[in-house]
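You will see two complexes here that share subunit A, one where it goes with subunit B and one where it goes with subunit C.
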Partner chain A sequence: MQARFKWSTLILLVLLVLSCLISLNLGAVSIKPWEVIHTFLGNGSDKQELILFQFRLPGIILALMVGAGMAISGTILQSITRNELADPGILGINAGSGLAVIIYITFFQTAAGGLTLVSTFILPLFAFLGAILTGVLIMFLAWKKGIDSIRLILVGIGVNAGLSAFIIAFQLRLDPHDFVKAMVWLSGDLWAKQWPYVWALLPWFIVLSLFTLLKTHTLNILNLGTQVTTALGIRSLRERIILLITAVALAGLSVAAGGGIAFLGMIAPHISRRLVGPRHQLLIPTAALIGAIVLIMADAIGKNVLLPTQIPAGLIVSLVSVPYFVILLMKTK
Partner chain B sequence: MKSLSAEQLTIGYEERIIVQNLNLDIKPGKITAIIGPNGCGKSTILKTMARLHPASSGAVYLDGKMIHKTPTKEIAKKLAILPQSPEAPDGLTVFELISYGRTPHQSGLSRLTQHDQTMIEWALDVTGLKHLQNQPVDTLSGGQRQRAWIAMSIAQETDLLLLDEPTTYLDLAHQLEVLHLLEKLNRDDKRTIIMVIHDLNQAARFAHQLVALKQGEIVKQGTPDQVINTEILRQVFNIETDIVTDRRTGKPAMLSYELIK
Partner chain C sequence: MVRNSKNTSLPAGRSGRTGKVMIIGSAAVLFALAVSVMYGTTNIDAATVWRAVFDFNPQNTQHQVIREIRLPRALTAALIGAFLALSGAIMQALTQNPLAEPSLLGISYGAALALVTALTLFPGISSSGSVLVSMAGAGLTVLLVFSLAAVSKGGMAPVKLALAGVAIGMFLSSLTSVIAIHFDVAKDLSFWYAGSLAGSSWNGVKMLLFAGVFGMLIAVLLARSLTLLNLGTEVTKGLGINVRFVNFLGVLAVLLLTGSSVAISGTVAFAGLVIPHISRMLTGPDYRYILPVSAVLGSLLLILGDIGARMINPPYETPIGVVTAAVGVPFFLYLVRSGRSRFT
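After this line comes the complex of A and B, so read on.
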């Protein structure tokens, strides 16, 4: 597995660089890959520099962060619940975040699209708080002298359904322009492609990812079930709560910048498990790479395939994920 | 030698009380088998004595300390418990699983020390899994899989080893393989072993001490000769039995049995 990890990491890194180059290259103004490299070396024209550094690069870093964040969050959730269907979307964390955003648009933002400097940062803050509150709600509802995994997932699915209903109820009260905006946001659009957002979110993302990497051994043990975990001297409940909070925070950050991207948190760990096996020392980095590649590509495709219309990256991810799951289901007995 | 005992132990699920005021002393350095009908509280008692289940009242003492008030990591260095039919994630290799048994001896980051390596090698050897160490656990046969889990528990390097139905779902030869392994671990390293087991003949053959339970109460505790007799089995299992002496082992064995009408 160690050797396989080296190879898959190498290939994934190449794919990541390729998808970044493709994404930098595509757009209303096409910049050739060598021009990209030229510009990075400081030899590009002013226009190229503006497009690359101010428009496309923050977008790519954001996609990388959101993709990796969703993937790590999904991996944690799948391991602590020991269920490969768990992901932030299924547990209602995306919906909770979405509801917070819709509430914000309904009550606080009067003119559609009129983003002032304050509101640029309040929207992601709402999304993040929505995710955290939903996480707390799920834990609270699932609590019964401890947290049972199946109970957690079932409560999550219930909360998801309930919050989705609220979202529709609120959406119907929006004016058409806001409605479209909310729809685009909910389906997972990387809208925050500007440096201030990147700087606001990146430190948290790095801290949470590093923390998860410190917890890889604990995740390996939690994957063996509650009883074995306790038998091996690890405080199962405490560790699961800490990791659940980490996963929710990562999902919250991702949703804040990228909207409700469905499936990514589910498929990225799924594919990585097939590549490098169940050990989290290998699984977490691989899942993060896959999540990043998928989202960067999805974003690049969504931006360009139906020009001038832009399709939210989340929709592209869903479009790719559904066939993956159908094939997977057909292969399993 | 580490001691384990229960004093005035009461255990329940929700409101339902399973075991009331149980007193149980485990003989150090011996194999103890807990027997009794389904639902009599065997597994519950085993789990509670290993702090996997809370006690409603009373206490379990490990080395004179209340087990439910001792840090779980400290317990894991003295006592290992293998729950019934544990499951490993797909693709996890035998070596990796066994290495997880070293968790209580490691700091947060799981670097394996020289001593960790030695213990893992020993566990692989004694369970006869050396040639399978790089195989995923989910591809092994039932008997091999159970041995891999036992190997993880013994790599934990504890004086006490508790097992919940270690022979369930195994065929006769594999059951014996597991039991012989436990016998060897007890004989060679003087480990205290406590197991819940259904087969009375195997219990009589491999355990030094038997604890016969009915409805959460100890009917009889003692050597196989003291416990495996017509009178007690009638009381515990509600069956009429013919007991003979097994010529191969010299232990009491049940030849035939019938429900009491």
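After this line comes the complex of A and C, so read on.
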């Protein structure tokens, strides 16, 4: 697997660079790949530098971060629930985050209002807190002398349905313009494509990802099941809760920056498992790469396929991954 | 062995109790209907309501409000409640899955997709045309989910069916959002996701009755087979029941009942989940009793829910789907926690 990992990582990195170049190339003002390289080397025109460094680059870094974040979050969730169908969207974490944001919009400002410095950082904070609270709620409701993975998923589905009802109730109170804005946000449109947001979120993302990489050994063991874990002297419950919080935090961060992107956290780890096998040392980086590639491509497609309408990337991701998910579901027993 | 294995060993049938539940339930439905018609932005007393129904005076505005707005609305609530509860009961019996429920299976998203497609292709579509279109969309989604369940390896365990419903709902709603954003009709669809009875009319009641009569007829014919189906496959085969035929008819009934409800009122979440369970607790495992009791209690739940939806935050209406979700989600979580969701 080690050799396969090297090759697949290499190919995925090439794909990532390619998708970045495609994404940079598409848009109102097209920049050719060689012009991109040129500009990066400092030889571009002022206009090219402005578009590339101020408009396109933060968007790409954001998509990279959100895609990788969702993928890592999904990988952790799948391993600790030992269920390949777990995903932050299905468990209701995206909905919790979305509800917090809708509450913020209804009570504190209108979505149409400009980006003040305060709202720049408070909106993601609300999304983040919403995700964490939902995570705690799901754990609390699924708790019954430990956390059973099927119960966790079913509780997540129930919580998701309940929160979605509340989201709709709040959304209906918004005026039509804000309603559509909220809908676009909830579908996952990577709205925070500006440097301040990127700088606000990136450190957290890096910390959480590194922490997950430190925990790969534990994840490997947890994935084997409770008896093995206890035999190896790992405090299974404590580790699972810590990792669950990490996964929820990563998802919350991703939703804060990109809106509710569902199913990315489900398919990325699954494809990676087929590529590099179940060891998390290889699985997590591969999943992160795949999540980033899928999201960058989905964003590029959504922004250009039905011009002048901008389709949120999250919708493209769902349309592509649901068929994959359903086939997977039908095959598993 | 399937649901409530404790109850199957009881002497079959609790017809006496069912009779009592039916009488009390029907009386409560009538009472709730009366309250629903009397209550509103201006309350109207019972005598006026009586006269508006039996001695109609077209010059009297109160009479008109009752005849044209409140009565159709209350009846719509009653019918939809009954239909969704029946659908839920039939789906739970067919899939032998206690968590089966129309709104969990993404059916209303199919209706919304069909509607948004029709709205963009034929902007001048009539209201009855749009009802038919959304019924077709709901129907296709029912078929889709059930055929996925049918071809799935090892059948559909509760968690798989629920996940399939969530995924298909997500897919359909994503497609709907893409179209809605592109053609700028997003707000027109919002009620589909929240459920609303505000647009009730006699036309809608007629459509519900038309689809519902067939649906209920099938349900009555199926009642005995559904009971036997839940005793397990061996028993069913031994008694010479054609499982495939029962499934086909059951799906047809669900399609008619859910499709018409969703087309008229949008998503009314979880009504189809709670009621059949309560009915089963009251009457035991026999679907000849469960089905009528579900219908009556479903009516009651939705009429009361509608009154609640109007009372919570007047003069605004809280979406009825939110009210039923507020009741249904805790119940769903209770089912999951109590382990009742896992008998296979």
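The rule is simple: the second predicted complex is superposed on the first by the 320 of 333 C-alpha atoms of A that agree within 3 Å, B and C clash if a C-alpha of one lies under 4 Å from a C-alpha of the other, contacts with A are read in each partner's own complex, and residues count from 1 in each chain.
Here is the rule we use: a residue touches a chain if its C-beta (ideal position, glycine included) is under 8 Å from a C-beta of that chain, and two chains touch if they have at least 3 such contacts.
This one's a predicted model, so the numbers in the text were calculated from it and none came from an experiment.
*Asks:* After the match on subunit A, would you call subunit B and subunit C a fit or a clash?
*Replies:* Superposition check on subunit A shows subunit B and subunit C fit without a clash.
*Asks:* Regarding the shared-chain residue A:Ser187, is it in contact with subunit B (first), subunit C (second), both, or neither?
*Replies:* Only subunit C; A:Ser187 stays clear of subunit B.
*Asks:* Scan A:Ile150 for contacts with subunit B and subunit C and give back first, second, both or neither.
*Replies:* In the superposed model, A:Ile150 contacts subunit C only, not subunit B.
*Asks:* A:Val322 in the overlay: touching subunit B, subunit C, both, or neither? Say first, second, both or neither.
*Replies:* second
*Asks:* Taking the superposition on A as described, I'd like to know which of subunit B and subunit C A:Arg273 touches: first, second, both or neither.
*Replies:* So A:Arg273 only meets subunit B here.
*Asks:* Is A:Met330 contacted by the first partner subunit B, the second partner subunit C, both or neither?
*Replies:* The second partner, subunit C, only.
*Asks:* Based on the superposed arrangement, let me know which partner A:Ala63 touches: subunit B (first), subunit C (second), both, or neither?
*Replies:* So A:Ala63 meets neither subunit B nor subunit C here.
*Asks:* Please indicate which partner A:Asn220 is in contact with in the superposed arrangement: first for subunit B, second for subunit C, both, or neither.
*Replies:* A:Asn220 sits against subunit B, while subunit C stays out of touch.
*Asks:* Subunit A residues in contact: does subunit B have more, or subunit C?
*Replies:* C
*Asks:* Smallest separation in Å between any Cα of subunit B and any Cα of subunit C in the superposed model?
*Replies:* Value for subunit B versus subunit C, nearest C-alpha atoms: 13 Å.
*Asks:* Take the contacts of subunit A with subunit B and those with subunit C, and give the residues found in both.
*Replies:* On subunit A, no residue contacts both subunit B in one structure and subunit C in the other.
*Asks:* Which of the residues in subunit A end up touching subunit C in this complex?
*Replies:* 85, 89-90, 141-142, 144, 150-151, 153-155, 157-162, 164-166, 168-169, 171-173, 176, 179-180, 183-184, 187, 262-263, 306, 309, 311-312, 314-315, 318-319, 322-323, 325-326, 329-333
*Asks:* Can you check the complex and tell me which residues of subunit A touch subunit B?
*Replies:* 1, 82, 214, 216-218, 220-221, 223-225, 227-228, 230-235, 273, 277-279
*Asks:* Which residues of subunit C touch subunit A once you look at their complex with the stated criterion?
*Replies:* On the subunit C side, the touching residues are 99, 103-104, 148, 151-154, 158-160, 162-164, 166-168, 170-171, 174-175, 177-178, 180-182, 184, 186-187, 190-191, 193-194, 269-270, 316, 318-319, 321-322, 325-326, 329, 332-333, 336-337, 341-342.
*Asks:* In the complex of these two chains, what residues of subunit B are touching subunit A?
*Replies:* That would be residues 47, 50-52, 72-77, 80-83, 86-93, 96, 100-101, 103-104, 106, 108-110, 136, 153, 156 of subunit B.
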